[in-house]
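Alright, structures below, take your time with them.
You will see two complexes here that share chain A, one where it goes with chain B and one where it goes with chain C.
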Partner chain A sequence: MLELLTDPTVITVSLGALMLGLTSGALGTFAVLRRQSLLGDAMSHAALPGVVIGYLVAGGRSLPFMLLGALTTGLAAALLSVALSRRRGVKSESALGVALGTGFALGVVLLSYVQRQPGAGSAGLEQFLFGQAAATLRSDLITIGVLGAAALLVVALLFRPLKLVIFDPHFARANGYRVQLYEAVSTGLLAIAIVVGLELVGVVLMSALVVAPAAAARQWTGSLTGMVWVAGGIGAGSALLGALLSAAVPGMATGPTVVLVASLVVAVSLLVAPRRGVPVDGA
Partner chain B sequence: MAGALVRPTLTTGGNLAAQTVGATVRYGKVSAIEDVSLEVPTGVMGAIVGPNGAGKSTLLKLLLGLQDDYDGHVYLLGEDVAQSRHRVAYVPQRSTVDWDFPADVLDVVLMGLYRGLGPLRRVGRAEKAQARAALEEVGMADFERRQIGQLSGGQQQRVFLARALVQQAELYLLDEPFAGVDAASEVALVRVLQRLNAEGVTVLAVHHDLNTLKKYFDWLALLNVRLVAQGPLASTLTAEALQAAYGGRLPSMAEVPPTEGLPRPSLGADATAGRN
Partner chain C sequence: MVAAIQTVQALLDSPSFAILATGVLTGASAALLGTFLVVRGQAMLSDAISHGVVFGVAVTFLLTGNATGPLQLLGAAGAGLLTVALTEWLARSGKVKRDAATGLVFPALFAAGILLLGLFARDAHVDVHTVLLGEIGFVWLDRVQVFGLLVPRSLLVVFVAFVLNALYVALFYKELTAAAFDPVLAELQGLRPRMATGGLLALTSVTAVAALDAVGVVLFVAFAITPAVVGRLASQRLPVMLTVALIVAAAAALLGYPLAVVTDLSIGGCMALLTAAPLLVLMPLTGARRRRA
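So, the complex of A and B:
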């Protein structure tokens, strides 16, 4: 056990998991409060073609390029679903479903095309489907850390406007806040929450790691600040535990393990947390 | 006939708290409001009244600068909305927000101070004291740590009014402040609005209850897509004007012609007892 904790790979995996879990958990708070869980799912599936394109552009496995590609196609899917849902007769869930399917299908097609190319340097691209913590490189930590830190800095600086715009957009706008700008910012934050975890958790399940910690945190706290911290903590803990478990078992995909841990936290929170179900008194 | 009561103008009056000139808002091909020239004098306790679908909320949103597409002109306190919005406080309809949001009562009231704080200054002791004073005034002082999801409708509305109170505005715009509110809360809300009004603050509320109109307000705009009538309540609330605004759908007030020369509105006997 002790040598496991000093193993360089284990240290890298742990640090990566902690950073991505903290980032996506904390940022997930805003997505959950804006009821954008499904948008997150569409964006994460639609990130796959971006990952492959980033790989092709960089001419090899380069996480910054792949995540930049993921951000681009993920946000493109978000725009596509907005454009579709403005059409008469297209409900927003249907629009999101179409965006998710289109993006993911495109990603899988690209992925199988690239993998059939000679050179086989593409081995490991399929890890972006379900995540593979053990493949995390030390240099990847910088990418994940910089993205996460930048996003959390934005949250810290814009905390009050984001809070106001999410809670009461009419009041915010009447007070002179540029509501659409802040909504765009929080959609951008959701995209970052997703792409930081693509390597370890994968496109299929990443949105669950964005949503689950916030859903659990809401059971424990009644303030937005508290929810951001608790969700960040739950995200970090789930990602760390899940990544270590999967790293200990050869060939075990990290994403499902991490998400199962996070789901367990949600279940426990729903059962034992004090907040919900308190009767209304004095009303 | 009723249209004669509307006086269109092309100048911004210095003593008007809110004004629209020829304002039209269309949703698709349907006009929500059509050619409305509203002139709300400074210092009134005003109500915007009309049937469902008359465009009352649209008119209020237009005044608040929440309406992107419109024809005509809008002035608040003699200026463009963008210039005057820091002198205006808005109390939205309760139903427009998700009360399951993680916040307690004090959090929500403090939101009224965000616009003056800027992005970096922290909410300090002075701000909290101001918020507590506002909660005290609406009778919610004991609830500052209560989750907003655990409030009754009337309590939520009082919290919203407290959030507007901390803004110390010259003009208060309220969207159906008494909708779904219990009697005690309604009394508390009206008392605060009348206190503000007595200090010279202009109040303009979208109102739905014709029965309390005379009791609470002294100025009236009757709307039914077009502006049917506007002016001091005593002279504006006529059977003809109501008929023109509501048509066949006239609610219970219809049979009761308004009394002439109504004095300043005051609360009913039960509420006056508690007035300070």
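So, the complex of A and C:
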């Protein structure tokens, strides 16, 4: 057991999982309160083509390039779904479904392109489907850490306007806040919450790690600040436990393991926690 | 008669025919049901259902030791309905909003299904990669004997699913339409919208399972939603929408296969991607509404 705790791979995986879980959990609070869970699902599937494009541009496995690509195509999918949902008769769920399906299909096509290349091929790309904790490199920690820290800093600096825009957009607008700008900021934060975990959790299930911690936290606290902290903690704990379990047991893919752990936390919270659908008071 | 059977068998022996026919029938089945889901504003139910059935696939495989068969298909489809029921129950509890309930339930069941398959079915016919992406390029390999013909199993399954879907839509067209556009009025007129909805969701589950081997969990969603949205952009009338959706799905499969062969890219990916091609023309033609303040 002690050996395990000093193993360099285990330390790298643990640090990566803790940082991404904290970031995704905390940022997920805003997405859940803004009812953007399904947008997160669409963005994370649509991140796949971006991951492959980043791989192609960098000429190999480079996490900063791949996550930048993921961020770009994930946000492009969000824009596509907004543009589609403004067409007459197209409801928001339909628009999100088109963005999800088309984005993922493009990713699958690009993935097959890289796989058909001679040489190293797609080494390290397949893991972005279901995630693979054990493949985390020490240099990846810097990418995950910088991305997460930047996003959490934005939350800290813009906490008040973000809160106002979530809970009372009319009041915010009347008081001169640029509501659309802050809505865009919070959608951007959702995109970061997703891409930060793609390497460990994968595109297929990453949105669940954004939604689950916030949904669990919501059962324990009614304040936005409390929710951000509790969700961050639950996210970090779930990611850590799931990543270590999957690294230790053959046949357990990291993404599904992490998401199942987080889902169990949600189930327990729903059954045990005292608060039931009390409106968040915004304290 | 013998000559006719030999001709059909020769067709079924052709890998290209098996791939094209499986693609067209998968796309058409998904588009048929997807149109009603899109009109109802519940398109993402197809996403939840197709992920949820993987849990059923895993559980029935572990219980019966077999991945294919009618019992397995029904068990997996049951898991699709379970996903919808659990989501509905969670949303109605008021503890989380509907979107979050959706985003919690199907990933949990899907994750559990993938883990069960990864842990206990590693050498079996069902592998995690196929469940996610499908293997339409290899559907002609696994064949079963039906009425003296050797038929690719996937093709047979999606054919049965398509016939069931077409029959259901034809027989309950009035009920389905009423339930989609105005469930309250439908209830008052005695059109039993809830039964129509239940059948729609059950068939979506069956179709998602049938499509699993060919296109996998996610590309099924592309086939269910995108052609229907193209239909919606093309027309506000349901018969036209259905026709457009069916044509788009079938054409995407028919053109996607040669495209994939020529470019040496993923067949399922090319088919699914082409369903979105009409949007490149239709989106500029249909202007955006102004955002309501």
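Keep this in mind: the second predicted complex is superposed on the first by the 274 of 283 C-alpha atoms of A that agree within 3 Å, B and C clash if a C-alpha of one lies under 4 Å from a C-alpha of the other, contacts with A are read in each partner's own complex, and residues count from 1 in each chain.
The working rule: contacts are C-beta pairs under 8 Å (C-beta built on N, C-alpha and C of every residue); 3 or more make two chains touch, one makes a residue touch a chain.
If you're wondering where the values come from, they're calculated on a predicted model, not measured in any experiment.
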- Name the contact category of A:N175: first (chain B only), second (chain C only), both, or neither. first
- Message: Is A:R218 touching anything from chain B or chain C once the two structures are fitted on A? First, second, both or neither.
- Response: both
- Query: Which holds for A:M227: it touches chain B only (first), chain C only (second), both, or neither?
  - Reply: first
- Message: Which partner chains sit in contact with A:L158 here, chain B, chain C, both or neither? Use first/second/both/neither.
- Response: first
- Message: I want to verify the contact counts: of chain B and chain C, which reaches more residues of chain A?
- Response: C
- Given the touch rule stated above, what does A:V268 touch, chain B (first), chain C (second), both, or neither? neither
- State whether A:I166 touches chain B only (first), chain C only (second), both chains, or neither. first
- Message: For A:A149, using the defined touch cut-off, is the partner it touches chain B, chain C, both, or neither? Pick first, second, both or neither.
- Response: neither
- Message: Contact-wise, after the overlay, does A:H45 reach chain B, chain C, both or neither (first, second, both, neither)?
- Response: second
- Note on the structure: chain A residues contacting chain B in one complex and chain C in the other 218
- Please name which positions on chain A make contact with chain C in the complex. 32, 35-38, 40-41, 45, 83-84, 86-98, 100-102, 104-109, 111-113, 116, 129-130, 204-205, 207-208, 211-212, 214-215, 218-219, 249, 251-253, 255-257, 259-260, 263, 266, 270, 276-277
- In their shared complex, at which residues does chain A touch chain B? 33, 157-158, 160-161, 163-164, 166-168, 170-171, 173-177, 218, 221-224, 226-227, 275, 278, 280-283
- Item | Sites on chain B touched by chain A in the complex | 61, 64-66, 82, 85-86, 88, 90, 92, 96-98, 101-104, 107-108, 111, 114-115, 117, 119-120, 143, 147, 150-152, 155, 163
- Can you list the residues on chain C that touch chain A in the complex? 38, 41-44, 46-47, 90, 93-97, 99-100, 102-104, 107-108, 110-112, 114-115, 118-119, 122, 128, 132-133, 218-219, 221-226, 228-229, 232-233, 236, 264-266, 268-270, 272-273, 275-276, 279, 283, 286, 288-289, 291
